[in-house]
Amino acid sequence: MKYLGITLERPKIGIFDFTGCEGCQLQIANNEASLKDLFGLVEIVNFREISSERRDDYEIAFVEGSITTDSETARLKKIRKQAKILVAMGACACSGGVNNLRSRFSLPETIKEVYGEHHIDSGPVRKLKDIVPVDIELPGCPVSKNEFEWLVRNLVLGITPQFPTYPVCVECKQRLNSCVVDMGMICLGPITRGGCNAVCPRNRFGCWGCRGPSDEVNFESLMEIHIKRGFSEEQVVERINFFNTFSGIFK
Amino acid sequence: MKIKIDRPINIEIKHMTRVEGHGDIKIRVENGKLAECVWKIVETPRFFEVMFKGLPIEMAPILASRICGICSISHALASARAIENAMQIEIPEAAQKARVLAKHAETLQSHTLHLFFLIAPDFLNALSVIHVIKSNQRLVELAAMIKGFANNASDLFAGRTTHPVVIKIGGLTQVPRKKQLRELAKDLNVTIPYLWEALDVFKKFELPDFTRETEFVSLKGGDCYPFIGGDLVSSDGVRKKEDEYLAMTNEYLVDFSTSKFTRLSRESFAVGALARFSNNYDLLHPKAKEVAGMLNIKPGDFNPFFHNLAQLVECFHVIYESKDMIAELIDSDTSEFSIPYKPEQCEGVGVVEAPRGILYHYYRLNKDGKIEEADCVIPTSQNHANIYYDLQSFVEKLIAQGKGEEEIGHLAQMLVRAYDPCISCSVH
Amino acid sequence: MEENEVIGPKSRDRDIEGNKIYRFLKLNSFDELEMDYTRSYLSPKNYFLPFKEDLVTYSLQDKGWEQEINYTIHPRVIVGMRACDINALLKLDQVMLKSAYPNPYYFARRKNTLIIGLDHEPLEDCFCKSMNSDTAFHGFGMFLTDIGDKYFAAINSDTAFIILNRFDAEEITDEDRLLFKAEKKKIELKFKTQVNITILPELMDLEFESEVWKKWGDKCLSCGTCAMVCPTCYCYGMEEDIDLSITKAVKRRFLYSCNLLDFAAVAGGHNFRPDAGVRLKYRYYHQFRGFMEAFDQSLCVGCNRCGNACLAGINPKAVIDDLIETETK
Amino acid sequence: MSTKIIQHDINLEPFMSKSPDFNRKSILMQTERSFKSEIINIITLTALEKLFHIRISDHFERENFSFLPGQFVMLHLPGCGEVPISISSSVSNKEYIELCIRKVGKVTGMIHRLEPGAIVGIRGPFGTHFPVQKMTGCDVLLIAGGLGIAPLRSPIYWINEHRSKYRDISIMYGARDPDQVLFDYQFEEWKKIYGLKLLTIVQNAGKNWKGRVGLITDLFKEITIDPENTFAIVCGPPVMFKFVCAHLSDVGIPRHRMFVSLERRMHCGMGKCCRCNVGSTFTCLDGPIFDYWTVMNLKEAI
């Protein structure tokens, strides 16, 4: 394949999953119409969910899910060693995602609740970045299929992709939505990174912040707005903590 | 004179491919006898039951959908239904219809993914659909078009294909507009012939011959093929109400698996397309029955590989039924799609038929509308025991037929795949 | 209806208080049209300057490419635009058609759109009168004023005239003219919100370093909503995309907002406007001062859509009053 | 309503048949059409900068293309992006234009990977130019820092081509490191043939550097300025021209006779996107070349 005379390499890609729902991987397979072009552009050498081919010569690794056990840690480290570019795919991989909700309880308590005295190998929920360096974070729960393909195109062209720095609100207006805050819902759109095409507000459903913070975040103002409209601080905080994507910048 | 050489067989498949989640198969044959044969779930648990604790109820369907990326709509529906049942509220009719349509879209989506992407390569001697594109392009095109339609329908009825956004307690955040429905109906009519074309391909696949009689558990429909709510039945004659689900599942732990196992009247039971088909054959759409006839599958067939045929039959069922339901929705008043509710101290169960079988969600709420306790019983975990026993008996049969190590490994994987296990979901 | 796309105010949602939220959307039949609408949440500007617009498509081959540029626009009718919205278009015309490098995409849309305007009684917070935008004299095909049981129609184009003749239109009588005048007067008297704009350009300069900007900037979410809903904000950005087969590329324009963080970022990560307050200031500066310098009028038409849509409650009236107050202090 | 509105297809209207003329700004034209242009030669200057010779492919368009020193073009790689780049060649070179490009990001990074023969797009020229005609009969001081030398080449060529009309010409050029000095292969030519005074200085001298070491303002010691009859052109990073211009006004050169080239992020080059807007001023239309008086009165210009 050529672009303006430059021969483009067909990068080898591995797609891996850890603790998560595999919804993000599914997004890749979900674009049936373009799947053929995708397979033409990159060589998928490892994608357990849909392929029995397993090779370890991948250059770009897309990794889904959070890390909860030692064996997972070891496997992730191995992937990191092989991959030139490691992409954390989805909220679980980028921030721990909803898995973090269980961190509100202690681990032994948690295990006992579900498995009784049965032995289960599990540790605290960690995002990829806690263990290995991550090159690119593809946000969202699940990731958007368009954004995934956009990322792949950029990687093939050798361009470092620039994710939107603006919040969801911008795209929400572009889709001519009515604002869900005006309609009486909590929405994290004003502080959440755009790029999802505002699917949630589009469906009259406030944003939950699965894509994490936009480049400029004004928590105080967001809180004030919601409190003025009759929500409690607790409700907003619960929302902000749901995907754990704001951890680190929101206390 | 035949010489029998008993070579020891040692099969260990780590992280089996083309299934959702992580499972291992281990088979050991010594002196021509099956010494060990396990279906081992190694998925790391996420402890969803714990995650639910303390959350406000409106977060339940959102969180529930994250249990599984493939059947997220079912989880959200079961979750919302459980809480609605608990608070004893009845959602408006338009919302009920739209929910069933969302369910149908997911069923079609999930079944096509499984049939075309995960199963077909086995019969076409390919490692994956990526290779099928080269050898059998038309099949992949068909898959793309059918699944494309299913994705559009999911987008329309659930907000997006994975992790729905419109399903909320008390109904939906919105129902599609008439114009959108009309467009979808057009799309649907275009898609139906593709399904028939695909049928011709699948008809030719030769399924392994293997039968192990088992118990089929599913919902029982009143006047239509069941997807959301209803009585729980088993082919061994058990019949229970939605909230008696614990008596139906009887979960227990085994030490080689992070997923729980279940049993009812015998050592194991099966759920899923074949169970639904068997228990509700009469309620299928006539076109779907026609397809069943063409595929030569009848209620009471126990070959687990028929699971895939039943899925195909269901694809026809959901697409034809969707066609009728969309027409109905276009002609009915859809302005009411959500009702208000007040949280109270209560508990409830919601049952739906996920693509892979019957799915239960249970919640106990406190008076502030926070979840105190949650329980989810996933179809695949109900199937694990059945897969486990099937595998043993299947492998024994294969050994008796004198099959070699490689072939046994391959067929064993095919058997597991036939159940379309959704492992991360079963561990949750 | 069948031949032309018709856009008009429709309401699908209600706010917490139960008020309808109007938007300019495609109409499937005239029954859907809500002529008594108050103010649309978003301005109809996107029918002239779409939020996203493919400008050029390219087909790539080996070392080179071919470009295809197309300005074809299907004719469209927009019903129910307010005087301020029409004035907003006239201001956009200044930028898009009357200055260096006219914008052909805009031109094509403008040429192929028939505008049917509609008078209304101002809302509490409209200040278009202060901005001299409460009446429109041109820039539309037809303009309707409700005079009791009929509409008084001002006609500005031949197409509009032909359309009008399809309805049972009557010649205007003297009585109608009186009614019309009375109605206009009534509307004029209804304006409650006033903004003192004569001193604004000067004020903007004097208060360039004012604390007022910081105060409002602290509330600002930098979400770009104000610019997105505004009928006159036209700043944009470019993006380019390539398809998965690396054979097709497209150059796309998307409307942007000067309130967004990276609007003025340049080489080496330097950002000329890193603070929300400074960016906010630049939006006002452009609206009330910059545009004035270039075209002798301010860009704002006083519809207060930005104030209405801003969740943080930032609106021109409050900000300007604040400026005036600090200035006179 | 059943009146079909007549569609105006502006693709067909007469103005389209004229060839786009970017220097006549009044007519409506295909503002988004780029001239297809071929990269005919690439000269690697440093690790970060390359000089591209770009030739507009169409014979007619190439003839029509004309610019003045200081103007820029929008260089376009379809599917990748479009960037403003100052023209770095002589206005009388009708065969090709030269663009000196530093690799900083997405588009510039891609350009650096291209090879001769690749087709890129050119739109323009855009922007204001250095008032070289006004400068006749005077001394001209050209001061460049770093990449700032690129836009200065065009006025240097111009002056050389009209050498007799100007008095003393001095070029002051400062770079951070010796290996970042651009166009040093032309210095001798400039000095000897063009008869210019050329002073270079670097901030951090390496082993092989034998020239001056220090900041660009140090060079002022070596020249005498006749403030009444001097024009200055200053190009470089904002900090640099702030200091330089301050010095020059101390010497007594009026601010409206100093010219600087401003840099802003540009998306259109046509005064529409407002990205480069400073108050009511558009860097792309009213600039990039401004006299220093205007710059000082621009809020937030530097």
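In this document, chain identifiers A, B, C and D correspond to the written order of the chains, with residue numbering beginning at 1 in each.
Note that in this section a contact is a pair of C-beta atoms (placed from the backbone, for glycine too) under 8 Å apart; a residue touches a chain by one contact, two chains touch by 3 or more.
Keep in mind it's a predicted model, so treat the numbers as computed, not measured.
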Outermost chain relative to subunit B, judged by CA means, is D
Can you figure out the chain closest to the middle, judged by Cα centres?
A
State, to the nearest whole Å, the distance from the C-alpha centre of subunit A to the C-alpha centre of subunit D.
43
Using mean CA coordinates as chain centres, what's the gap between subunit B and subunit D in Å?
64
Centroid distance [mean C-alpha coordinates] between subunit C and subunit B, Å:
50
Just how far, in Å, is the C-alpha centre of subunit C from the one of subunit A?
36
Indicate the residues of subunit B shared as contacts by at least two other chains.
none
Can you tell me which residues of subunit C touch two or more of the remaining chains?
60, 63-65, 241-242, 246
Where subunit A touches two or more other chains at once, the residues are 3-5, 157, 204
Draw the chains as points, connect those that touch, then say whether the picture is a line, ring, star, complete or other.
other
All chain pairs that touch each other
A-B, A-C, A-D, C-D
Applying the document's contact rule, which stretches of subunit C touch subunit A when the two form their complex?
12-16, 21, 23-25, 41-42, 46, 51-52, 60, 62-65, 218-225, 228-229, 241-246, 254-255, 257, 260-262, 276, 309, 311-312
Which positions of subunit A touch subunit B when the two form their complex?
18-27, 29-30, 32-33, 35-36, 39, 44, 47-54, 68-69, 72, 97-99, 101-102, 104-105, 109-111, 113-116, 118-122, 141-142, 199-200, 202-205, 208, 235, 238, 242
Once bound in the complex, which stretches of subunit B touch subunit A?
15, 17-21, 43-47, 49-51, 53-56, 59, 62-63, 66-70, 72, 113, 117-118, 121, 127-131, 133, 140, 143-145, 147-148, 151, 159-163, 165-166, 168, 173-174, 253, 255, 258, 424-425
In their complex, what parts of subunit A are in touch with subunit D?
3-6, 157-160, 162
Residues of subunit D defined as touching subunit A within the complex
77-80, 106, 109-110, 113-115, 117-120
